[in-house]
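Next come two complexes, and both contain subunit A; in the first it sits with subunit B, in the second with subunit C.
And then the complex of A and B:
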């Protein structure tokens, strides 16, 4: 445990010692703020139009059902946030293994008391901690929308859980891609490709049979992420994201064995 | 096991009186069709300072990687203190310190922070870790630069940091790969003097292509040429030969 803790601490120090981490946190905070206020502005504009049309005396029942804080602000913000994270998280994870390999420090790390499994575990844990912090930063505005919409703490918790699991899933994909290359660029680009592909596989449903279409739907991130955004915590969705994390962890561990054989 | 009595210290580091033996039998490593190390048979006695010489691509680094367990052999075997790094790498890692080239450190970490990390990763914690780090800083004259970022240090100081981390747990086997590569003559002299002062306390496996360095630091040497051990013996005997340089042969194409 001493060795594991030492590596987690070092990973966090390395993460926060590089400008990428601050850039990623700032980017997420800025993009979320822009998206949130843009949708809020549009929502207010629509309300203003109804207000003007009824000479300033409209009641809530004169506004169509589809014009509400929920559909006009919260859902679009969450959707764009999910996509933004696909762009940002691989920028944070790309260096985790690839940089070690590129500068040869992976060999130094290998000669310590840390087993390959512990190295992978510590690096994943540090990345997950960072992603959770990133989610907390990005959650501020959706939380405001939920609070203003009067949806309650349970819904708030479900959305934060979904957001964090989505971030952990993306971090796992990013770490896996980083474990098989010494190029940070290759790690980031391959993580983007895999994550965007997994985000919504339903576009391919029209080209395949029903059973494969159902499988593609089951493998897509977007419907599961949206389910959390809707306030639903489903065990299947939690298992899905945990599955991505476990498969990535096992594959990253395997990359060490592969390197011992292939060099 | 060798004749050296082994005991386990707090933190799990295995301590020995005067180092441990490294033995290779028919050790072979191939990368595809290329043979990087060809049936190497070698014994480094406990407490001995052994230099493995050879041109770039001769197979020195491959041998080190097989000893640390970073690579698996294609054929043959290697053991450290009777333990196979291929099968039980963690047990071998408890017995060794590893000094890499200067560029292979963490430039974003501060010297003390890096040593604390490496000590922790080698199983030291609490007061034992603080004591080991302070001792290493003093032993390698690093106190003045302890709060500085590694990336901002000269190559000579970076190599001292690399040496300091390898000796944190006072391991019985120290592997040093090209310790003075890229250093200026003054820095090279400092690092060689430090390594020279450590002789006899540990088994030292030094990989270099510098004949003078091998003469200064090693009691025995082996010469690798295209993956084959072409000479082995007392340093003065092998390096005193008229054809010593010719043993290096044609510079091989690096396997990796």
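And then the complex of A and C:
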């Protein structure tokens, strides 16, 4: 356990010892803040238009239902953030296994008392902690602004949980891709492709029957993530993301076996 | 092999990227997806071939064990996810609890005779579809509902067949019948579900001609909303002009008396008396300050309606500043009619008349149902209603749980008579019917008098999302303080780390 903790610590130190991590955190936080502020400005303008059209002061019954803080501001921002994360998270995870493999330092790890499973677990844990921090940093401004509007902390908690699980799912895919290659570029690009593919499989629904279409939707990340962003926390959706992590862990562990065999 | 894999990955990424940007499978997207899949398949084939030639029996065992581990993890994840989906465990954390289905909706779904198909027709970029999708998912989890989505542009025939007027429309299909809901909220979907069930609960006769409320009036204090709700829940609403009737028709299941403002003819009162003696059912909504002659009839059935107004300071001031004359009731006696109502599910009355109960007969059962708060008192000064100012408590006035609604059951030789009296009619008017739990009280009172207790339930509420502005000026400080400062500090930290690494 101590060795495992030490490896997690080493991984975190390695992450925060490189400027990439700070850059990624900063970029995600900045992009989210700017997008949120822009949506907020647009929302106020829409309300202003309705206000002016009625000429009778702000009257909520003249504004369509869907023009509200959640649907017009928070929800689209979270959707954009979800897509942004597909671009950013693989950049953070691409080096975790691939770099060690390229430098040959992974051989050193095998000389420790740690099993391949523990090594994979430590690297995944460190990446998950980083992703959670990334979510917290990017979520800070929208959450503070929305909370000032008095819209309830429970919904915010649901969104944050969804964001974190989405980030963890993406990190798992990124780590899995990193585990199968020694090239950081290949790791990042393949993680983008897999994440994009999984994000929304509804494109294939037009070519298949209803049953397969339902299966494709069940496999897609986007409807699951949207559910959290909409304020609904479903156990099935939590397990879906945990399942991605579990399968990725097992597959990353398998990559070690594959390497031993293929040399 | 790696080159092929890289080509496959890039082609797939661009193919999917093109689809996500345009939401259409263009030739560019299809070509990239096809090329990417082929390249991937070729790379995988080459990799397998390489492994087959490279691996010995020990290596194969290692690989097999690893693959079994991955397959096991996949199977476990799938099994857990399916089990969780089957359990339907989920929490609605929205501010308005927008996706928590009301008991009435659950009941309507449970009583559907077959599988319901709910199809959402929408434009690709319609933001309203998000919430409708979540709402339909709630329906699917609660009953035998198959949910589908169709793009409007792909379904021209459906527009004609179902009369779809625009995006974000839900069509509910049950066998050969369908209902089109163009503003899909839980309340509207519930009404459509009820109509699809096509249940007939009976005939409600509404007394007319002597200053009663008008069920065809769409004015604020009209009752067209109540008539629509009755029709939705399977009642046929029939006007009964009292002056032209000798007796209440036999096929009428209950009589509804809506706030009579003038005195009823003695013949009309006698007709009602005879109807009740034959085991009739009456729902009477009275108004303070109006003497219609029905009061004497009700007194004979154990329900007195003395002239006066309930003043309930616990309800606070109403919209125009009058203190306590519009009671908000949150005390309910245990009675089938008030099933589901509790102190969190309040009902609103716009000026209520007190009711006093007494035993009418040894076998009769007259019960209080809705009560004002224990701080309430009664004033005979009816001018408080017109002055709309706070009333002063008269000397000797008793503060007590004054009765706003009562229900009586009277076994008679011809059958059980049932009477529900509510000391206010405005609570069921178009203006107040959808306030708090007024609709539930009104409809459940009808269901109780016609002996359809199984229909007593709580209906979905129309929830309005918050639409107040969040002024930029107010959030600018937050934007600078959190939105910009945090990324700036992180960037500074990254810059310093980079410089240190360069120096090292």
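Everything that follows uses one rule, which is that the second predicted complex is superposed on the first by the 250 of 263 C-alpha atoms of A that agree within 3 Å, B and C clash if a C-alpha of one lies under 4 Å from a C-alpha of the other, contacts with A are read in each partner's own complex, and residues count from 1 in each chain.
Keep this in mind: a residue touches a chain if its C-beta (ideal position, glycine included) is under 8 Å from a C-beta of that chain, and two chains touch if they have at least 3 such contacts.
None of the values given here were measured: they were computed from a predicted structure.
Of the two partner chains placed around the shared chain by superposition, subunit C is the only one that A:23 touches, whereas subunit B remains out of contact.
Looking at the shared chain after the overlay, A:260 reaches both subunit B and subunit C.
In the superposed model, A:176 lies in contact with neither subunit B nor subunit C. Of the two partner chains placed around the shared chain by superposition, subunit C is the only one that A:239 touches, whereas subunit B remains out of contact. After overlaying the two complexes on the shared chain, residue contacts for A:111 are found with subunit B alone; subunit C is out of touch. After overlaying the two complexes on the shared chain, residue contacts for A:92 are found with neither subunit B nor subunit C. Using the contact criterion defined above for the overlaid structures, shared-chain residue A:163 touches neither subunit B nor subunit C, since it reaches no partner.
Of the two partner chains placed by the overlay, neither subunit B nor subunit C lies in contact with A:216. Here subunit B and subunit C are compared by how many residues of subunit A each touches, and C touches more. Shared interface residues of subunit A (contacting subunit B in one complex, subunit C in the other): 17-18, 260-261, 263. Those residues of subunit A lying in contact with subunit C across their complex are 16-23, 25-27, 29-30, 33-34, 36-37, 40-41, 43-44, 47-48, 58, 60, 63, 65-73, 75-76, 83, 137, 140-141, 144-145, 148-149, 151-152, 154-155, 157-158, 181, 183, 186, 189-190, 192-193, 196-197, 199-200, 203, 206, 210, 223, 226-227, 230-236, 238-240, 242-244, 246-247, 249-251, 253-254, 257-258, 260-263. Subunit C makes touch with subunit A in their complex at residues 2, 5-6, 9-10, 12-13, 16-17, 19-20, 25, 29, 36, 50-51, 54-55, 59, 62-63, 65-67, 69-70, 72-74, 76-78, 80-81, 84-85, 87, 89-95, 98-99, 127-128, 130-131, 133-134, 137-138, 148, 154, 185, 464-472, 474-475, 478-479, 482-484, 486-488, 490-491, 493-495, 497-498, 501. Of all residues in subunit A, only 2-3, 5-7, 9-10, 13-14, 17-18, 103-105, 107-115, 259-261, 263 touch subunit B in the complex they form. Across the interface of their complex, subunit A is touched by residues 11-12, 29, 31, 65, 68-72, 89-90, 93-94, 96, 98, 100-101, 103-106, 108-109, 113, 116-125, 255-256 of subunit B.
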